[in-house]
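What follows is a set of structures to go through.
Each of the two complexes below includes chain A, the first together with chain B, the second together with chain C.
Take a look at the complex of A and B:
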């Protein structure tokens, strides 16, 4: 169907093609001989402000890179703006970054709804939206959105890993799942079904959802227990995951519990749930836990600790958000290095989609980053870990979703 | 999928036991809604307005208690001090922030309440962070009365809500101060002529509401955990409960709180599934109000023209 929008778009494409030859030689917005200017939006205020540490780590990492002489002779300037985790503000700030600040591309903007709100705009204008800090699978869709890429294992990948693990270790399992009633939860259910495989989908005997406005999920847990399931998948944010673990224990339900990596924080999930009640919970991990003593002599951890000591504050050392920013920015730096002297938006996107066996200091041994024209999920591997009452104990091999 | 869920609930584990679990967890949270509804009644009695900042005030009081307990105070001392501080905090709030709008239209007051809610929420986030923390309960140990449906804290919370209800009822029914408060709200001019200090009655209403809200927060936090957004959902349900029971009647409001808690759970578990249980619970409330506009136990006000 020909709509006004598609006409406009094809018009713009034609104009871009005409200008193409000239644009490639002339400068990309935000790129000069001495500087690469990029932008991002971050929730420095509002309900998700705990994630603001990611933005601070991103900024600190580029400061470190610039202190070491920049990338191919260019300094990187990251303009990090507050959007309060509110999509309308994300749109406003992203347009400001593109239209007023003239950034080359967007890097590591945070949040599913905020990133989704500007995805169309950035793709229409052919501006890379790289390494969105969210686990939603909608940022790994190169066919429809070739300018958008996520970074961490997405929810579908992770739920797929859980599904395969269940199929392998408990082939006769009856599975119950609790999901948040939004894109996160829906992704999770799809991934779980993929992982279980078509012949086992029927083994999901109960599924319940909750709204984030609900005070508790106690009622849902009682309902799920009633299904007689012996595997319980928890795709919930920290508060609700903690409630689910506690209530299942309190009503005497003892299934194998699998918890999303969104809610693997010991301080804000396992402790509120009660460490005794949470013993035996299984999750999937891709990063090194900075509080785990086993990494004390690990060169990757040492590099991270050195970075924190010099460029951030000591309290950030154990913050998994700092680890996240550290890893995402290192990936970005690798992409820019691969670009060499050609910093056109097309080439940035092409290089982001041609990462080969790139290894980060703070991902688990054996995990490497690979992307291609049809794989926009940089990290696909995770390892399972079980909570022993104090920390996460890794077990088994690396799994891919 | 939803069909599977409640079929399983009916055929899986013994249905009676599952039903009692649903009922019990509904009652426990209903108790918290009931206390919160009583706090709403307090300010409504005094001003005929619903205080939308009530939830965030309660959350802020709960953080205050958490700090005291963190400093090593015994629970009940921290509890008492928090209730007293909240009482005076509520009075101060009325005197300083709300009073200047006493003669403004109702909508201006509503905006002030919403502003207060945002301020308390942001302040708590700034002071204490947004991550979830646990909050201690004084009702530790094994479940009461040898049953296994209510945890000790849940039983305790229900007990506390009944005590608060009795206290509020007695205050309005048997004390001259309670009578003066009701009079000041219903007929300020005559009350003033009779020597009731109407302005102070309003401040007192705010103080009592803040104190009762603090109790609700401290009873809710061990169940829903402490974070700056913990009361948002609770306030919504408490408001629905208060309106259902009759917001000018402490007994009705508390009953409404319990009813909403139970109704919501049973709807979700047995009738419509978890996805739309909130909508259905609210639809039932709207239905009841269409039939009895002033709530189940509310006083019908007939205006003479």
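Take a look at the complex of A and C:
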């Protein structure tokens, strides 16, 4: 609250600054003295509707923040619209948010193609497109798209972590890689090469791809085995990752196996592959697994569980999408806190790009969020974990991509 | 008392005048939505020629829509073809694709054809993401287009300009479809739907007529796809999922089978009712947030119960009562 006395005390300079802030506030759509209105698109219907939980967690988190008095005295209203994971619909809904609802910016819209479809529009109109919920590296390109930022470690970052790990622990490794033939797979191969470094790129002795329409990847595994590789990077979605793990085991190929963030689910990858066959598989993680008993007394996990109990339904507790929304929204809240009274779009973007050592409750101990004018990848650190037949066992230090 | 013909002409003129005035009265976002409605109306006109007038059910028109969209995207973004040329070129490709697909489709009747075209709709997104076409289609990352600006320093925004391109295309294609239906070929199409044996006895070449009908129908879908790509500024495999093909079928049934004017209503329905369902389900509280599909289903059933002949059928019934008698 700005009183007359405080104005007098802080003098004319502050008064001028205040007037400036007032003027700027009037110019920023969606921002009033009592409210910050923001928007997002989410696949509540359609093929990717399982991710809709992220949107629900985002909404629930802002409800919690508003119950606690909002941010710097303002309530946050998130308008979350369904786009059915269809890019033309995303464009329409995003324009509705910007032009009809008058939102200040876009937050945590989901999907690679949907986010790509509106990226140009938002950048042309200088509207922040913050924390796109996708692992594609194309949302970490501040030079070409200074108004667009991702959130989670992108595929290139993660593959880079694997590359560095291989270079350090198995310098003479011969690497084989299986990738899905799309942006995810391509990002992975690029990241792996970056991580290995130019002098080791030649150590990738075999690379195979598959189409999501193929029934199995058996033939690719046999080909890759033939290369004599002793490291096997599996950049595949859950079904194919399970097949790759099982087939490699069945043909008697025993390389160091690395699987991506996309396919580390025990229920949909390790169990279908066979838990014995999957023993020893290595992955990289950045979040606390809500099913892991180790975190039961962890204050971060407790805060998360409390949030779920009060603002979501009990079944959401073990849903990694709820963890995701919880983390992304907490990051958003931090950005808005840093903005203080200056909620212009320029300042929101500037603050999003100046997060320093920000720690989330549900990321692994030691992981912090850092961004800068040329680093638009908020989470860059991960820790390796190995599958022991029952769960993921963390090992080694935090690695950065 | 004006006759039904005159009433019809007045109504058509009024709709057109409203359509021309609309972009100057509405906001940019609504103009963009208007363009989407026109695009959908064009696709529905095409599908109605095939399904409504010729009795061939297609669940795969999203695939032709996709070919049109990617055609326009590749021609303008990768080959530098002017967009006004890219739209007809892309739709000619669609005509060829539809005509060729029409040959094997001839062997299937009714529901079997529906299944064959369904396969087309299922396959399209995967084929578009196939790595063999990567250099052209951009794989799953899609292709971005530059939105066309109004030429000759016309005082129109990009949205208004695109709207008028869509409006002129829709009007031309509507007139073309009307003339086609009223012509000898049109009568042959309807005869093949109602009495195939009698039609063939009268000398109608069933195979040629049906394949040409398939081709023309695909051409309409192609024009729609190409215009949609220009308006959205982006194409990707996800843009052309199975739901798109199904929504076309919903559109022609709600608008009215074998009614060209119904296409506009069908387009309005599939453009706005899903969002309406989303909003309505939001009103039932957070718990119903995931139920827009169910609300949409109820609205669809209500629409069909109130207007069994589609919107066109309902209008006809009202006309009969007030003007006709």
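Here is the rule we use: the second predicted complex is superposed on the first by the 376 of 401 C-alpha atoms of A that agree within 3 Å, B and C clash if a C-alpha of one lies under 4 Å from a C-alpha of the other, contacts with A are read in each partner's own complex, and residues count from 1 in each chain.
Just so it is clear, a residue touches a chain if its C-beta (ideal position, glycine included) is under 8 Å from a C-beta of that chain, and two chains touch if they have at least 3 such contacts.
A quick note: this is a predicted structure, and the numbers were derived from the prediction, not measured.
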Simultaneous placement of chain C and chain B on chain A, clash or fit: clash
In the overlay, answer first, second, both or neither for which of chain B and chain C A:272 touches. first
For A:82, decide between first (touching chain B), second (touching chain C), both and neither. second
For A:244 in the superposed arrangement: first (chain B), second (chain C), both or neither? neither
Partner chain(s) touched by A:209 [first = chain B, second = chain C, both, neither]: both
First (chain B), second (chain C), both or neither touched by A:121: second
For A:223, decide between first (touching chain B), second (touching chain C), both and neither. first
Contacts for A:181 in the overlay, against chain B (first) and chain C (second): which applies, first, second, both or neither? both
In the superposed arrangement, which partner chain does A:59 touch: chain B (first), chain C (second), both, or neither? second
First, second, both or neither for A:50, with chain B first and chain C second: first
After the overlay on chain A, which stretch of chain B ends up in the same space as chain C: 45-53, 63-71, 81-89 or 279-287? 45-53
Of the residues on chain A, which ones does chain B touch that chain C also touches? 45, 47, 49, 181, 209, 211, 213
Under the touch definition given earlier, write down the residues of chain A that touch chain B in their complex. 45, 47-50, 181, 204-211, 213-216, 218-220, 222-228, 238-239, 242-243, 247, 250-252, 265, 267-269, 271-272, 274
Which chain A residues qualify as touching chain C in the complex? 44-47, 49, 52, 56, 59, 81-82, 84-88, 91-93, 95-96, 98-100, 111-114, 116-117, 120-121, 138, 181-184, 186, 209, 211-213
Chain A partner contacts - residues on chain B that touch it in the complex: 1-2, 4-6, 8-10, 12-13, 15, 18, 21-22, 25-26, 29, 32, 122, 125, 129-134, 148, 151, 220, 223-225, 227-230, 232-234, 236-237, 264-265, 268-269, 273-275, 278
Residue ranges of chain C touching chain A (in the complex, touch as defined): 27-29, 32-33, 36, 126, 129-131, 139-142, 144, 228, 232-239, 241, 243-244, 274-275, 278, 286, 289-290, 292-293
